[in-house]
Every structure is written in C-alpha cells, then in structure tokens.
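Below, subunit A partners subunit B and then partners subunit C, in two separate complexes.
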Partner chain A sequence: MLVDKIKNIAPEAEIDENGILTVTVEPAKYRELALRLKEERDLSFDFMICMTGMDWGDSLGVINLLQSTVHEHKLFLKTFTTDRENPELPTVSDIWATANLNEREVYDFLGIRFINHPDMRRLFLRNDWIGYPLRKDYDANPEINPVPLESEETLDATSTFEINPKDGEISEKENILFEENEYVVNIGPQHPATHGVLRFRVSLEGEIVKKVDVNCGYIHRGIEKLCESLTYPQTLALTDRLDYLAAHQNRHALCMCIEEALGLEIPERVKYIRTIMDELNRLSSHLLFWSCLCMDMGALTAFFYGFRDREKVLDIMEETTGGRLIQNYNVIGGVMADIHPNLIKRIKEFVKYLPPMIKEYHDVFTGNVIAQQRLKGVGILKKEDAISYGASGPTGRACGWSCDVRKHTPYGAYDKVDFKEILHSEGDSFARYMVRMEEILESLHILEQLVDNIPAGDYAVKTKPLIKLPEGHYFKSVEASRGEFGVYLESRGDKYPYRVKFRSPCLPLVSIVDLITKGGKIADLIAIGGTLDYVVPDIDR
Partner chain B sequence: MFDFSTITQWVDELLRSFLPHAAATLVEFILIGLCLLVGYAVIALVLIYVERKVCAFFQCRIGPNRVGPYGTIQSVADMIKMLTKEIIDINHIDRFLFNLAPFVVIIASVLAFGCIPFAKGLHVIDFNVGIFFLIAVSSIGIVGILLAGWASNNKYSLIGAMRSGAQMISYELSIGLSILTVVVFTGSMQLSTIVEGQADGWLLFRGHIPACIAFIVYIIAGTAETNRGPFDLPEADSELTAGYHTEYSGMHFGFFYLAEYLNMFVVASVASTLFLGGWMPLHIPGWESFNQIMDYIPSIFWFFGKTAVVIFIIMWFKWTFPRLRIDQLLRLEWRYLLPINLINLFLMVIIVVFKLHF
Partner chain C sequence: MKYEEFNDNEYLEQLRASGTNVIVGCLDDVINWGRSNSLWPLTFATSCCGIEFMAVGAARYDFSRFGFEVTRASPRQADFIMVAGTIVHKMAPVLKRLYDQMAEPKYVIAVGGCAISGGPFKNSYHVVQGVDSIIPVDVYIPGCPPRPEALLYGMIQLQRKVKVERFLGGKNHKEKENKE
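The block that comes next holds the complex of A and B.
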C-alpha cells in the first residue's frame, strides 16, 4: 500500500521492499518526494530518525530513515550524486528541522553541499580541515592534517549555497550570525554547566539571551570512521564511549543490529539480563540527571544525595559486569558472563530503598518554590517542534509526544513487562524534569517484575570467531536514557562494516537549545541545558 | 558581669602614665587596629572551617579531617597556601582599578567589623549614629565589586558585577528599613544604647510581631547583601564560572573570599545586636535568680553564641536552596520585601506610639 502511494508520487523511484522499505530517487526529485512524504495525510512521515551520509564508491549521497508518528511506518529515503568533485544535493532542513545539523554533519564528513541550507558550516571538524574523512578515498596521512598549534578562528558568518533557476549556477550567499557590536559570550567549551566540552556562543542583551549558536566537535573522536576499520566485535567497545551514561543501552542497540543481520536467535535469559541492565543504566543516568540539574541550579546538597543513591546502582552493576560507568557487558549473541548470584537480592533491596529517597528528593528540591519558579514555563518546547527536531526521549515525552521505543517497537523483554509510558503535555523544563523523576519509579517497577522471572538457559549463544554480515543495510534502535539511540549499519559482506552511523539522541537535543532559549535569561539557559540533559560525547561521536 | 572596659581603661591609663597624650592615642590606635585585624583574620579562618564542616554534614560527608584534629588547621593551611600563591598578571585590564577593587571590598568589611559591640565594654567606635555608620561603610563594598567586574575586562565578570550592583543596591533598602524599624523602637542609633535597651528582654520578644517580621526580612536581605546562596547570582558558579572575581588570583582573590565570610559575620552580628540583644544575656523580667545565673555567662559568649546561631541559619539557606534568577531576585525585593517592610515600619510606629510592646 505504502509502495503504491510512493509510486504514485514518484513513478521513477527505485523501491526495494526487503526489510524496511527503501526508496531511491534522483536528486532532482528528492526534495519534492520528501515534501510530499511529510505533507500527505496518509503518509505523514514527520519524524526523521536519522540522516546518514554515504560514500557508495561511485556515488555520494544520503540515506534518511523516516518515521510517521501517526501511522508508525518507517521508510528509508535515499538519494545520491555521482559528481565527486562538487557534490550537491537539495536540502531538506526546512522539512525536518533535525536535518539542519545532520546535513552540516554530512557536509563535514563527505563534502556534500546542500543547496539552500541556511548554515553550511562544518559541524565537528575544524574549518581548516583538509579532506572529508568518511569518503572512501580519504587520505588520513597526518602530514595533511597535522596537529594544529593555533586555535581555530571563530566565524561570525556562515554561508548558504543558492542555485540560480535560470542557468543552474551555484552562488554563495553570506549569512551573518552575530553582528559586530553584539555582546557575545562563550558558554563553554570549559564551563561548569555544559557538562562537557560543548560550546555555546550566546548573544546577550543584558541578561536576556538573543541567540545561541552551538559549536560542537570538541570531543569528536571519529568513532564512525574508526568502526569502518574494526571487526564487528571490536566496534562494540566504542559504543560505550558515546553516551557514557547509557553505555549498556548503546551497546545493546549495536548488538541487536548485528544479531538481526546475522539472524541469530537470542536466548530468553539474555533478553531478560539485558533489559535489567538497561533499566539499571537508566536509573543511574536519571539519578545523575537529577543531581546535576540541582547542582546547576545552585542546590549543591541535593547533588550529593543523588550521587549517594546512584552509587548503589553502580555497585550493583559492578558486581555483575565489572564496570561501573562503562560496562562492556553485551557481546554479539548474548552477554559477557552470567549474572552474579547477588544481583537479584541486591536489586530487590534497591527497589525497596529508592522510593523513599525519591520522596526526599521531592521534599528537598521539587517542592521548593525557587526550583519551581525556575523550571515552570521555562524553555517550552511544542510537540510539533519536538518531532521536527527529532528530540525524542524524556524531552519529547514531556511535550506529549509518545516516542518510547520500548513501547512502540519492544525489544529485549519489554514486551513481557507492564509499564507506563510517562507523558506530560506542558513541554517546559519542569515537565522534562518530572518525566525523568517518574521514569525512575517506572524503571523500578520494571526491575521488580523482571528479577524474579529470569529464565534459565545460556547467557550467550556461540558465534563464529569471524563474523561477516550479509550484504545490506540494517537499522535497530533502543530507548536510551536520553532518547532513541539507533544504529544504522551497512555491510558489503566483509568482516568490517562498510558504514556505521549512530543516531545519537543528544544531537537533536542540543539543536533545540536556540529555539527554546531565545528571550530567556542566562539562568534559563542553564536550567534548559540541565533538563535537556545532553551528554557531549554522544553529540560529537 | 565582667566589663571589658576595665581592661581597656587600665591599658589606657598605663600608656598615658609614661607617654604624652598624642603618643598614647597613637599607640592605642595601632593596638586597636592590630587587635581588629587579628580578630578579623581569626574569625574568617574559623568561619571557613565551620562552613566546610557544616556543609559537609548537610551533604552526608565528613569534610576536612586530615590537617590537625578534626581538620581544624585546614583553613590555616589554606590561608598559607593563599598567601604564597602567585598573583597572575593579566593583560588588557585597567590595572589600577583592578588592583584597587579587592582593597575597597576588604576595607569596607573591616570598617563595618570595627563597629560591632563584641562584649560589654569591648567596642571600638561607639557614637550616636553607630548603626547608620555601619550601613554606610558596608555599602562601600559594592563599589569594589563593580570595579572588579569592570576592570577585569571579562564578559562573565561584567555580568556578575552588574548583577551584584543591582542586587546589593536593592537589598540595601530592605536592610535599611528593617534597621529603621529597630531604631524606631529603641529610639537610638547608638549601638550601645540599643544593646542596653534590651536588658529586660530582647527586641525580638519585646517588639513581637513587627520585630519578628523585621528580623526575617533582615536575615533574607542580609543573605542577599553578602552574595551568599540562594542569592549568589553575582558569582553563580554554574552560570558565570566565578562572576566578578573570575580573573583574580592569589591574595587578591583571597581578599574577596575573606570579605565574603566576614560580611556574613557582620550581617549575623548586626542581627544579633539589633534583634537578639547582642552581648546582653537572656533576661526575663521578674525571674531575678534566673537572670543572675544568666549573668554569670560572660557577655562575649552570649554575643558569639547568638551570632553563631544566625550564621548557622544563613549557612542552612545556602546549602538547601537552589539559586534564584535575577528577575525573581529583584521581584522578591521590590514586590514583596519592600512593601512588607514599609507596612511593618508603620506597624512598629503604631506599637511604639500606643505602647503596645512588652
């Protein structure tokens, strides 16, 4: 049915019905199809899950994974250009706002210029970087890009590439980001409230924020590039380093993606163990969120309360996995080792221990009139914006967007447990805060149901020592602590992945900062940053 | 009750017996200056230690516990470190104002410190507009903070300084008005008279409702005045890294740090002098034997005990509340505290005129 509709719109599109529907179009038709995919009522692909820049050898292009929040169907939209010298594609950043930063990322890594994109700067790498790292013919010789000894010049202007409809000539138009006499303050890269090396350039008028320009890339490690030269089991270790507060969940996604590609059947026991660990991970992450938000807002004592309790979660995970922050526990086909005999007992103790503490948190912070005034009505995000920017997870759920992957496409043992998807409708900082606080209790509820019912069986299935994935592309996502974490994997049948793309939940979060902070105070920027709860290594990858 | 003026008079007579009048006065000046500075430094060190311990207990930690028994010498060690630290030279600043600023701040706080009656007879300057003088000199500190923010040539510092200017000038009103309430009640601006006037009961009890309101307003405004949490916007570490003193290092930073703690002490001691009777023991009219027992406790203990209680309350604020936002801060002052204060002052006048107090 979907196929017919798409054929109606674009009869010349190539459609592959294997797995998730893949539609390939010429660049000339790309924008029109994209627009209609979003606008038409029975298609309404309003959520762009991820945009992946690709180098297919003979051509460069992008492959977008789209989803409809109404009909819940998914689709790969693919386009390409064979011009490797001056690759150009039309932008879709006005259709899906999340494409804005994603297209900049593609431009940065593959050199594809997007026509009419409002802000064609490199996103992660320095402006003077030579070459495009994700191209297959990229020369990584350190002599071409030596370690720079001078700091990068900050650009106050950016450019848009426009196409002249008459002769097809491409011209560059300059956009001014900050005027000469604007009071621009750097929040970051070294700043206590950015939770990592993220840099906001903030234009101020007194205390009021006029504009926020996000500068990423200070902790870019090229993980996607690294993955291309590693075997599949080796790539697993890198996922833990993306969002280190959702280390286990990230790795879960990659393992599921590889297992699906291999067609591996996973024992029930593994699914239960993974789910338990995911939820423990979520608990530790949300407790850290609470602590750090309180600290950012000046309530330092609350920070210690949160960390006191998070310590207990880390102890539980450490006993089984050996890791506290980064667990390294999932492997392809199962988990590294069986659970520790104490695990069940300790989780049961913890499930009893935490709820009174949460009550204490509410007493000391949530109920405080200062905290409420600083969070309520601050940084309001509308549901349409959340979807368009792809801000999933607790941020999306705070404005009423039901986007919990655990509910919509259950994985692990989530289909066997009973839990609520926490939804609020206000979309302000307080709603984001409350969603996370309620999710803590929900996670405890999930744990409670799982610990007693872990089935017997193997904790891993045997896999071949050399894992080769069949040709094709695969996508799998999990609900990480801050939103949907996805893995897009393209294989050409080798023992190395051809291309791996991680859909980071934090990149959309950071892209909405400008939108929801405008007109607020500096202190609001801090509160908004705290409630969005982004983790910088996950943005930069 | 022991009167410290016997000691001071003895010293005075001793000096005068073998020195000419002018020289004796000069020596006394120096002696008093030295005593004040030593007292200032010691109180600052004790306060830093106490704050670290108190905040540690609030936060389920132990706090300093390595240097000396229970970590008591920790702040001395910190002071020595601070004294030996390099003062980093910064380019593109207004050098004169930059170096002047910490001294303005510290001078303001030492001057205010000098006005406080510590115990019976232990009072450096006691003249008929004592409390007025105290407010006046403690306000000079704002100039230092504004200078620091301006001269640093740093955007964070400038925002911090502007915040602190707006904040301190606003809350000065509340402080002034709540002190005015006390002055209306006691009919004097001389600190010694105010304290003596509370011999039959502390002002907080004698002036009942308006005095309690004035006390609460004073504590809130005083906390704001000292830039402490939840009013620590000028140096909001999660927003402006360190606000107006971002660029300061070594002892220059140390001066700001010292002044902050001493201002807290000054605010607390003024609160205890005005509302809790200062060094005056707890007296209940009619209970003669009880009053006599209370008199056995030296006045200096009474003063520092009361001040410690107020300081603890101020610390409790800081370690419990999140920080306000600048507009909320100003709204609290102009919309709530100021009208409450004005009405309260009126109430106090009525109570004094109709003799409705105890």
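The block that comes next holds the complex of A and C.
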C-alpha cells in the first residue's frame, strides 16, 4: 500500500489518512522524500497539481498536491519551518518544473526562500513591495504600499540562495538573466497579442528567440487574500472573475469543494444543469479562442465569424442565468434559479447549427496554407515536459497526455454521458488548435445527450446563510476550458476560509512559453501564445 | 436611441451657454461633428470587461456604426482609452504612461466596477480604487461587466461630450498643469 511504501522511505513522516493521504515531513527530509516519490516506479508522482504556500500561524510552509499519471493516486506532501524571520525551505523545482513559478509565488506571498531555486524573484508583486501579503500578520495599510506612479526597475539579474554543506551558512549568488550585450525586446504589458496584460522580455539573436522571461502581476488582484475575509457564499463571486471565459467551471469547482466539505448531497437535476452550463461555457471559450487566434495571425474575418456564433451561446446562457460573460449561477447546494423553459429548445437548435459552421471555419482558416505553415511543427511540447510543467487541458492533450478531469475523476453528470477525450500526439501549435476544434464538436455531443434527460427535482438544496466548514483541508478540481482548475481550501471551522488557493490552469501554460519558443522565430511567439490560449487574470489571480 | 431621449446629462448642453461666436461656433460644430464620429479607441483591456469590449467590436453590436472601429494598438494614434478591467498597483504606472503618450485631445472611459472604484476587489491590497485617482475620466460605465449596449451608450455619451466642446479658441477639456 501507498502508506507502507512512504513509511519505508521516511519512517519519521507524519501520515494522515483522512481524505487524500497527507504526508508531513521535516524540511531536512523533504527533498529526499520528494525525489523518491517521483522516481520510484510504483509511486511515480510525476504531476504536481498544485503548490500552496501556507501560514499556519506558528509556522510557514508549503503543501503540495501530487498525482501520478501512471497509477492515478494522489497525495499531499507537506513541510514547514517555524522560523518566521528567515523562513527557508529546500526547492523541488528541479524535480517538478511547475514548482519553479509556484515557488516564486510562495516567496512573493509568504517570503519563504527556497534554497537552490535558480530564480528567487517576486512573481506578481513589484520588487519594492513591502511585506508578504498572504501572511496572517500582513499590514494592509495603503500608506505602506501606495499606488506607485513610476514603473519598477527591470532587473537583468536574479539571485539563488545556496547552502554551504560544511557550516550550513546560506549565501546569495547572483544569476544573470540577460547579459549586458544581449538584444532584449520587451513585449507587453500593453500589447494586443499578449491577450491581456502579460509581459515578456525576449532575448533575440536576429529573429531567433534565445530566451523568454515572463513577467506576471499586471492584473494580480489578490483574490486569495480577499477570500480569507469573505464568508463562503461570498467567495463564489470572485471565482467567476478569475478566468472569465470559464466562469461556470471555476465556480463549479469551488461549489463542489465546499459541498464536499459539508457533506451535502446534490440533486441529480443540479448536476445535469451544471454540466450543461459547463459545456456551453467551454463552447463559448473555444469559439473565442478560434476568433482570437485567427485575429492574431491576421485573419480578421474569422474574428467576426467566431463572435457571431459565440453570441448565440451567450444568448442561451443569458436566458437562464441573466448574465452574458459572468453569470453568478452556481451556488452552494445547487444553482441560483431553475432553467429557462426555452433552454432545451435553444440548445437543440444550436447543436444542429454549429457543426456546419465549424466546417466553414475549417474551410476558411484551417486549410489555409499560411495557417498551416505557421502552426504545423511550431512550438513543439513533449509529453513529459507537459506533465512536469503541469500544462494540462487542451495543451497537454495535444501532446498525448490523457489529462481530462472529466474522464479521470468524473464529476457532475460526466459519468453518465459518452464522449471521447481528444488526444493528439504531435504537441505542436496545430495539434493544440485541432484539439480545441474537435472539443467543440465533442461538447455539442455531450449537450445532445444531456438536454433531453434533465431529471425533475429541486434546482438547489437549502443551505444556511452562514456556512461553517468542518476543520480540515479539501481539494476539488474540474476541467475548465484551458486545463485543470482546482480549489484548495483549508478550514479551521470558522465561517471564513482559513486559506483558499486556486490552482490556475494558465500559470503552467505561461511557464512553458520559454521552453517551446526557444530556437523559434519571434513571429511564432504570437501564434504559440494564441494556441496556448492563456487568460492573464487567471495567471495572476 | 433617439437623441431627445438622452434626458440625463443636460449639463453638457449647459456647457455651451458661455456664448460662442457665430462663425467660429459653426466651424466648431462641423469639426466636432467629424471628430465625434471618428473616435479611435486604444486597444487596451486588462480583464473581463475587455471581452465585452471585443464583443462590441464584433458583428452583432458593431461599434463601427458610430465610428469607433479603428482600434489602435499604439496610444499615439488613439483618441480615447477604454479602461476595461481592474487596474492594479503594478499596472498603474503603465496606464499613466499610456495616457501621457496619447495626443491631445484625449478622453478616458472607465468601464466596469473595477475601473470606477475597485469593484468587487475594492478591499484588496493590490487594486487601485478607481482609475480617476491616476488619470482624469470623462465617462463612467457601471456594470460587472457592463453589457455591450451599456458600452455603446457610454461611448455615445462621449461623442456628445466631444460635440459640445469648443475646439477653436479654448477648450472645455482641461488638464491640471504639471507643476514640476
């Protein structure tokens, strides 16, 4: 069994078998255990779903959710340090590549320095930001950090903290990001092709990309900290605004997480309605993906075609939920209101309407020689890199990684419908593009099966206005439009969550930009960004 | 919507009560008619409202009916900036710079709760409580996000504001002098 194997490796580890297995180790044993969890064949935890920095009051630490793509088991790996002045933990960024940006995030929010991490800069906040906002004793006085009127200085160097094995002293070493004579082009934060306010610093050799340095935080809204001062029903509203193109799906994840913690039984009708809404949302998102990718590559007419059809999806959603983009429809225990009488009829019409349009899309764009040449064989991502970086969703499936949460851990009504998980093996931009186009048809197929079978019953179960979750930690994830969206929730039995962390599907996507653009042309950066389809507020949260 | 139905914002017409020279006034009308019907927005969006801004640009709502279709990626060529989405501390200097780079006469529309006051993120440690603390705002469009119709309404309000300006011999749209 899993527990016995872990006891073998680390006999002193504290193991909690309640819910998902939780293993707590001292920092000294953390790296060794992490390495063996990844490397040992019958464990092979190769996918780090999410890393959460925590302030437990008396100690600071991280809690990582690991999964094995081979055996499909999950585990929480937890470590902590009681030193609040100079908290230090060993890095695992060389074991799981996704930990690189995640550890920078933890450093940014909690001030934990990771020893031997190659790039210990802040990820979201400015370099001159005072304090660590996710610490419980953070002083949010606006006079300490006023709205700045000057941009921060862009640094070409970063630091690594190393430990001397002899005396245990920690020393800072400078790491050069860009040399003095390198040709560095700045793209963003205000650039129409970065899909929001993302900033790349690109080092060029002629028109060949040598290195891409991603700068995030231009839309970091501090949602996780805000959630800590909101009651559970209030936190729901903020999830819609993370990845606004997956509003339903995000909210679905948080609702499911809270419902699971409460032990709430959800009526079948609600599961069907939520699944239908999730798929409609996926349709609207993928249609927008197609429109924007084509526009980025210069095909402006495609933008109008895509938006024309997307409006139809929005109409269907609007009738039931009252919102176009942000619907605020899911609530704890159900949905806000029952479905509109027209919904079934409209969906049936739409399911017939869209496939000929998709064919038209393929005729006007996919077959186009320019599109083919700019997408095929460009920005190739390998399957093992996708897993290591945690790039799930259509991006992961385009390189053959079967990572669809709907298939692997079905939620809602996904266990009752028959659908294919779209898998391609090339891993290039074109595969990413085709996965999404085929997923549109698959979503229609799911809708088709669901609309006629919505069971009768309540659309919500009654809940108390003040919800208190039992003590413990919970994790729930859904397949959002761009990948696995997860919610990690830690409760201390209050009406407010102690810590909420959103596992954003877009942060891993942006972390692979450097990997897959390296050696390519600068112009391909735009097409690669378009096919990765990240949403910047979801990266920054 | 008919022009007479814009019942609010009568103060705009009162702005003209200062008395305008007939010839220059007529010339003003012609120039402003042209200016108000070819306002070019800057392609600027930080979050959710930006998607609705794109929807306004697309076929169903189609802001090119009112002359807004030439979205510019460079602030130097834009007439107004739609601040669509939350502005956070790190973005504030960038927004200020974009505004400074635009050529006069220039206008600002604050779209959505976040740009007006911080919206649902008002209590956050990293969100600017309304862009009017950084740059002057001409039109506010409330909503989270505002519907495309609301966006159009707000943009047409901006056109009205442009129409009552005195282009020749003085301006209503004054900026505070920088005292440095």
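The working rule: the second predicted complex is superposed on the first by the 541 of 541 C-alpha atoms of A that agree within 3 Å, B and C clash if a C-alpha of one lies under 4 Å from a C-alpha of the other, contacts with A are read in each partner's own complex, and residues count from 1 in each chain.
Keep in mind that, in the parts below, a residue touches a chain if its C-beta (ideal position, glycine included) is under 8 Å from a C-beta of that chain, and two chains touch if they have at least 3 such contacts.
Note that the structure is a prediction, hence the values are computed from the model and not measured.
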| message | After the overlay on subunit A, what do you see for subunit B versus subunit C, clash or fit? | response | fit
| request: Using the superposition on chain A described above, determine whether A:His191 touches subunit B (first), subunit C (second), both, or neither. | output: both
| task | Once the structures are superposed on A, label A:Val3 by its partner contacts, choosing first (subunit B), second (subunit C), both or neither. | result | neither
| task | Check the residue A:Ile130 against both partner chains and state whether it touches subunit B (first), subunit C (second), both, or neither. | result | neither
| query | If you stack the two complexes on chain A, which partner ends up touching A:Phe304: first (subunit B), second (subunit C), both, or neither? | reply | both
| field | Broader residue contact with subunit A after superposition on the shared chain, subunit B or subunit C | value | C
| note | Taking the CA centre of subunit A as vertex, the centres of subunit B and subunit C subtend an angle, in steps of 10 degrees, of 50
| query | Regarding the shared-chain residue A:Phe365, is it in contact with subunit B (first), subunit C (second), both, or neither? | reply | first
| A:Tyr218 contacts which: subunit B (first), subunit C (second), both, neither? | second
| task | For A:Val70, decide between first (touching subunit B), second (touching subunit C), both and neither. | result | neither
| message | Between subunit B and subunit C, once the two complexes are placed on the common chain, what is the minimum CA to CA distance in Å? | response | 5
| note | After superposition on chain A, the subunit A residues reached by both subunit B and subunit C are 191-192, 303-304, 308
| query | Touching subunit A in the complex: which residues of subunit B? | reply | 55, 58-61, 155-156, 159, 162-163, 229-230, 232-233, 236-241, 319-328
| task | Over in the complex, which subunit C residues touch subunit A? Could you list them? | result | 43-48, 50-52, 54-55, 58-60, 73, 75, 85-86, 88-94, 96-98, 120-121, 123-128, 133-134, 144-145, 147-148
| query | Okay, in this complex, where on subunit A does subunit B touch? | reply | 183, 185, 191-193, 204, 206-207, 294-305, 308, 364-365, 368, 370-371, 373-374, 521-524, 526
| subunit C-facing residues of subunit A, complex | 124-126, 133, 138, 140, 145, 147-152, 189-192, 196-197, 217-223, 225-226, 229, 237-238, 241, 244-245, 288, 291, 303-304, 307-308, 310-311, 324-326, 536-537
